[in-house]
Amino acid sequence: MMAHLPVMQVMVPLLAAPLCALVRNGRVAWGIAVASSWAAFWIAWEIFQVVHSTGAISYSLGGWSASEGGIEYRIDTLGTFVLMVVTLVGAVVTPYALESVGKEVDKSKQALFYAAFLLCLAGLLGIVVTGDMFNVFVFLEISSLSAYALIALGKDRRALRASYQYLIMGSVGATFIVIGIGMLYVMTGSLNMANLAILLPELSSNRTIPVAFAFLTVGVCLKLALFPLHMWLPNAYTFAPSAVTAFIASTATKVAIYVLLRLFYTVFGSDYSFLEMQLGTYLLPLSLIAIFSMSLVAIFQANVKRMLAYSSLAQIGYIILGISLFSSTGMTASILHLFNHAVIKGCLFMALGCVMYRLNSVELDDMMGLGKKMPLTMGAFLVGGFGLIGVPFTAGFISKWYLIQGALEKGLWPVAVLVLLTSLMAVVYIWKVVETVYFSEDPGSVNSDCSEAPIGLLIPTWTLAILCVYFGIDATLTTFGASSAVANLMGIGS
Amino acid sequence: MESNPILRIATKIMTPYILMFALYVQFHGDYGPGGGFQAGVIFAAAFVLYALIYGIETARLVLPMGVAALCGALGVLIYAGVGIATMFLGGGFLEYGFLDSHDAEHGQHLGILLVELGVLTTVFGVMVVIFYSFAGRGRVEE
Amino acid sequence: MSYPLMLCMIVSIPFMGAGLILLTGKYPNLRDSISFVVATILCASVYQLIEPLRQGSLHEVTLLEVTTGISLALNVEPLGLLFALVASFLWIVTGLYAVGYMRGHHEKNQTRFFACFAIAIGGAMGVSFSANLFTLFAFYELLTLCTFPLVTHHGTPEAKRAGRVYLGILLSTSVGLQLLAIIWTWNLTGTLDFRPGGILGGTASNSVLSILIALFVFGVGKAAVMPFHRWLPAAMVAPTPVSALLHAVAVVKVGVFTILKVAIYTFGLSTLSELASTPWLRWIAAVTIILGSLVAFTKDNLKARLAYSTISQLSYIVLAALLANEFAIIGGGMHIAMHAFGKITLFFAAGAILVAAHKTDISDMRGLGRKMPLTFGAFFVGSLSIIGVPPAGGAWSKWFLGLGTLEANEQGLLAVLMLSSLLSLVYLLEVPVRAFFSSPSGVEQETGVKEAPWPCLVAMGVSSGLTLGLFLFPDFLYEMMKMVFGS
Amino acid sequence: MSALSFLNYWFVIILMMVGFYVLIAQGNLVKKIVGLNIFQTSVFILYISAGKITGGTAPILDTQWSVYSNPLPHVLILTAIVVGVATSALGLSLVVRIKEAYGTIEEDEIAQMDESL
Amino acid sequence: MLAVTALIVVRTQNLFAVAMLTGIYSLLSATFFTLLDAVDVAFTEAAVGAGVSTVLMLGTLSLVGHRQKKQRTVQIVPLLIVTVTGLILMYGTLDIPPFGEADNPIHLHETTVHYLEESSHETGMPNVVTSVLASYRGYDTMGETTVIFTAMVGVLLLMSGRKKDGTGGADDGE
């Protein structure tokens, strides 16, 4: 069975999804969802160990090897790292969903909700494990379509519009990706990433390849909402049901970043991407603008969920910044932040979900004095907020530490200063919430009779909060995972 | 439309043929163009035609929404189930050759047939569900 | 008790104390006695470390390694021990005072107040025993965050605004400049440990290190070097015990202590004295000294005047660090203690006046000395120490500082020190002079003002007594500071 | 390479861009989906064109033929068509819900309604 | 023909006509596919594009009405984006292998060769498209089935229930 772990990683949630749709009972479906997402997490952990002890795994689907025209699975150190991120968040969010979704989604739709949720999970995992370009597209669409549906389930009617916007932007992105894949295919005749990596360098002077490169990059950047292609994200995060926001915010963009890394490093090769195409020169300013402007916008939001959505955009900027530095420290920072931000944002959005559960609102004005009424919820929010700022002993500090190291190594000290400055902006928007919640007297209107969130919501939220602190205190596991992934990608050691 | 006898009878006569054509497309996929997906669409088309002529209520009696949705889910299960089965038979995921322990080529044939059946089921179910959803919604609004 | 455990205990005692305080919040008497007992235990434990340190049998204790090269580690060295001793001792005194003050003043949220107070002391302990810059930074930030609720304790819009200024300046300097400097240091040397003789010498060009020291000096916002001093007057909206212990001792001393540590153990004195920017920074400190004194002049509000006086005095220590010679460092280290005792006495007195007579402005205090002789007497003693005249302890630290300026060939700075002493003579002594020698205004006569509650008086008595005592027996401090250069 | 050989591609690109334009410029939500369809269909043509071999025939093996067009693009596009129709279905059901919630399917009107909230 | 149809789609205000034209567009491209030897694709495109999509469109239109608001004539920014994208794409085709040549890389790649030469005895299917679809790249097709299933789940989530209150979620918008 161990040999089939890679395929089981995707199949477990994928098979669980139709089962959920079949049972039609929300609670049973939830049970299936929890079981399968935990199983997925366990499988990811097993794969993590296998890959780290024996090297990258390759698995031929249908028994056809890549040279026979089959589809290949390929999981290397980076892949298992991202698998861990996605399944971890999945495993934490599904238990959370019971109460949260129970309140925010119609009872009759809950079974289907879990089906869509698992499909989204399966799609994301499928993207990570595959080694075939076109297969990436197929699973990208599985995850995207289910994400559109999940977002549209938000109670506010604006959720529909957000979902539609996302659908249009996402489909444009997907079509761009298809165009890019098509061009690569036409030039080489291959869809397998490893094979492309061999064939492409021979064509380096070709004029089609840069165009393919550009289309793929733009397409993926649309999916990961890099500035200025981010328009869909704030609304989508704001109006989606809480559990969905927590899940999608911590995984979907991360997987898109993974695809980007795959493209840059595996398919095109780092020399081509960074030296010939001068990728760094484009990504660096874009990411800086993203970090700066999105942090600024976040400060002025009155809706906390939207504030965090903009903050996510800024955080994506940090990750891209690390990539654009094109150094092993920068990359380590990015991959670390991929994980840390998933944990932190998951924690924050889940804490907000608790607030939503009690208050039916996450407007700042309605949250005055909430710190006394929901101490545990807001405590988790505080921990997550510190992580976002990058306070020492939270996970966020570690990734920023590496990021600034990376910038200084390249002699880009203004970038280092800017990263620190924007951390301060994070202080401002997190502090706005803290001040409202802890240091404002409750005007006695909206939240006067609210109490602490149910335990079913608090346990998952605090799990992530504790992880956020744990990986800030003992970052050996994450740094090990990240640095070995980087070593693998950049061809150092291993 | 529901009262037009010509249409009703024409549909009655046509439907089996369309269904047969769909099956032809399904099984002939090995030799000519066609396969599970196209067959599923045609299958669904036959049904949609039926529903249009005889009214959605009647159609729902023949094939309730729940059953259609079930088909949609079932197809995926069939497809992935074949994959799991080959895995238990000692091969890789979706390695059809292992379906027949003696003749790998025959196993392939069988596997392809089965997964195409899965595709057909899903496509049929999904198309009908989508049709019901759109049509059903309009009817209530009027 | 083994030494590593002991060290961990010392740093965690205040945090445990905070926990106990929160648990016993419903029983004020129990809560306040816990506060007092914990403080005593802490001070006694810190005292236990002196003898082993003299024998040189102490070493670094690594609590946990966050990731390669970044670890949470504690160590005992003379400067830190001195600071910890001062802070923990004054916590006992302030604890006593605070009980009297908070009850006398009927403050709300007392539990939160005492808990945050304890955490703040824990932060100060962590800073003083930190073995590397990362540990120091972590506790430094902890101190910033946990004092915020204390500053905004009253919850008024004014307090909140002050809180924002407080947090804004402290966080932005520490994150924007200090953290950058720390990461840069790591980038240059690959370590953040405090080592005798420094780690940065020879790792980068003079100009790079010049920028780096400037980042540290300004980045340690708690040292209140101008132009990053605004938070300190803002923090004065807090209840007086906070101003007394935290904003005259713990928080601000953490700032200058950090600069001293960076100067001695990160740069190394010989490296530091050769940097191109050091003379400039000395003069910035000097300007802060003079301007702080001048602004203090203009303030009628007693606590505001004391705050600016603190700003001015802190830069003495910054200056000491930047003079980078043995005399100056000894003077600076002693001044941490001397100023602590002197200034806390002044704040105690100011608080006592507020509790007993509800006065905050100096101009209203005419004739008050006759009704509160003990309070104003203590104020007088404290003032002497700040001014630096015998028989108060401040005389010694200023003496060594003066020697330091001469050693560094900066006669101009010696003049600055003189001038500042003169200025402080005027602005501080104005208060007792008015209180004792001016006749009270008409309005004051009717209210029956009497001395502050007894815990306040005892606290004041202890601190002023020690201020005098330190003049007579400065050997201990001197010996401790000598040890910095001994090993 | 002759100019003629580009024409096929360029023509498809123009079609593609027409679809893309409809997709991003039109304010009507249904029409956007139509644009998406055109955009995607044109991309499909691009793929299929690449698979063609002049003089070849459909890749159904038979003894009387020897040259076949490349089957792989066909397979990919079959998948892509299905994905496309799935997207349209979901998009259109969103449009229906938006119509029910807002009473209009013009983007600017919806934006106006959201801002006035 | 295709271009003309596409352009009419842009200009037409009546969505009903647009839907029909889209169907026609699909049919036309299906014929085009046949010309390019892609019979399977043509079949599917005809079934999906002209059939399913059109029915879907019409179904939607019957629910949302088929008049489009008058559009401003030409929008500059989108036009610019589109033109730039198009030009980049055209630039990309400059080095693309010539149309229809048998020695283009995709025809020579080992996978293609494998499909055409080995599939008949490996799978016993003369229709290479089917064997590639269902076997060699069967996993893709499973993904495709899942996509369809996902669409169903999505449509069901969106369209089932809650239709009685007429205005949908309009009232809980605040």
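To keep things simple, chains are lettered A, B, C, D and E as they appear, and every chain counts its residues starting from 1.
In this section, contacts are C-beta pairs under 8 Å (C-beta built on N, C-alpha and C of every residue); 3 or more make two chains touch, one makes a residue touch a chain.
Every value quoted in this text rests on a predicted model; they were computed, and no experiment measured them.
If you take subunit A and subunit D together, the chains in touch with both are B, E. Under the contact definition stated at the top, the chains bordering both subunit C and subunit D are A. For this structure, the chains sharing the highest number of C-beta contacts are D-E. Put simply, the chain farthest from subunit B by mean CA position is C. With respect to subunit D, maximal separation of chain centres occurs for C (centres as means of Cα atoms). Centre to centre, using the average C-alpha position, subunit D and subunit E are separated by 4 Å. Centroid to centroid, with C-alpha atoms defining each point, subunit C and subunit E lie 71 Å apart. With each centre defined as the average position of its C-alpha atoms, the distance from subunit B to subunit E rounds to 20 Å. Computed from the mean C-alpha positions, the centre of subunit B lies at a distance of 80 Å from the centre of subunit C. Under the contact definition stated at the top, not a single residue of subunit C touches 2 or more other chains. Along subunit E, residues 39-40, 44, 48, 52, 56, 59-60, 63, 89, 93-94, 96-97, 104, 106-107, 111-112, 115, 126-127, 129, 132-133, 135, 137-141, 143-144, 146-151, 154-156, 158-160, 163, 166, 168-170, 173 each make contact with two or more other chains.
Touching two or more other chains at once are residues 14, 17-18, 21, 61-62, 69, 115, 134, 138, 141, 145, 148-149, 152, 157-158, 160, 179, 185-186, 191 of subunit A.
Those chain pairs judged to touch are A-B, A-C, A-D, A-E, B-D, B-E, D-E. On subunit A, the positions that touch subunit C within their shared complex are 390-393, 398, 401, 404-405, 408-409, 413, 416-417, 420-421, 423-424, 427, 431, 435, 438-439, 441, 472-476, 479. Against subunit B, the residues of subunit E that register as touching in their complex are 39-40, 42-44, 47-48, 51-52, 55-56, 59-60, 62-63, 121-127, 129-131, 133-135, 138-139, 141-142, 144-146, 148-149, 151-152, 155-156, 159-160, 163-164, 166. Interface of subunit A with subunit B (complex): residues 4, 7, 11, 14-15, 17-19, 21-22, 24, 59-63, 115.
Across the complex, subunit A meets subunit E through its residues 14, 17-18, 21, 61-62, 64, 66-71, 106, 108-109, 112-113, 115-116, 119, 122-123, 126, 132, 134-135, 138-139, 141-142, 145-146, 148-150, 152-153, 155-160, 179, 183, 185-191, 199, 206-208, 210-212, 214-215.
For subunit A in complex with subunit D, the residues that touch the partner chain are 69, 134, 137-138, 141, 145, 148-149, 152, 157-158, 160-161, 163-164, 167-168, 171-172, 174-175, 178-179, 182, 185-186, 191.
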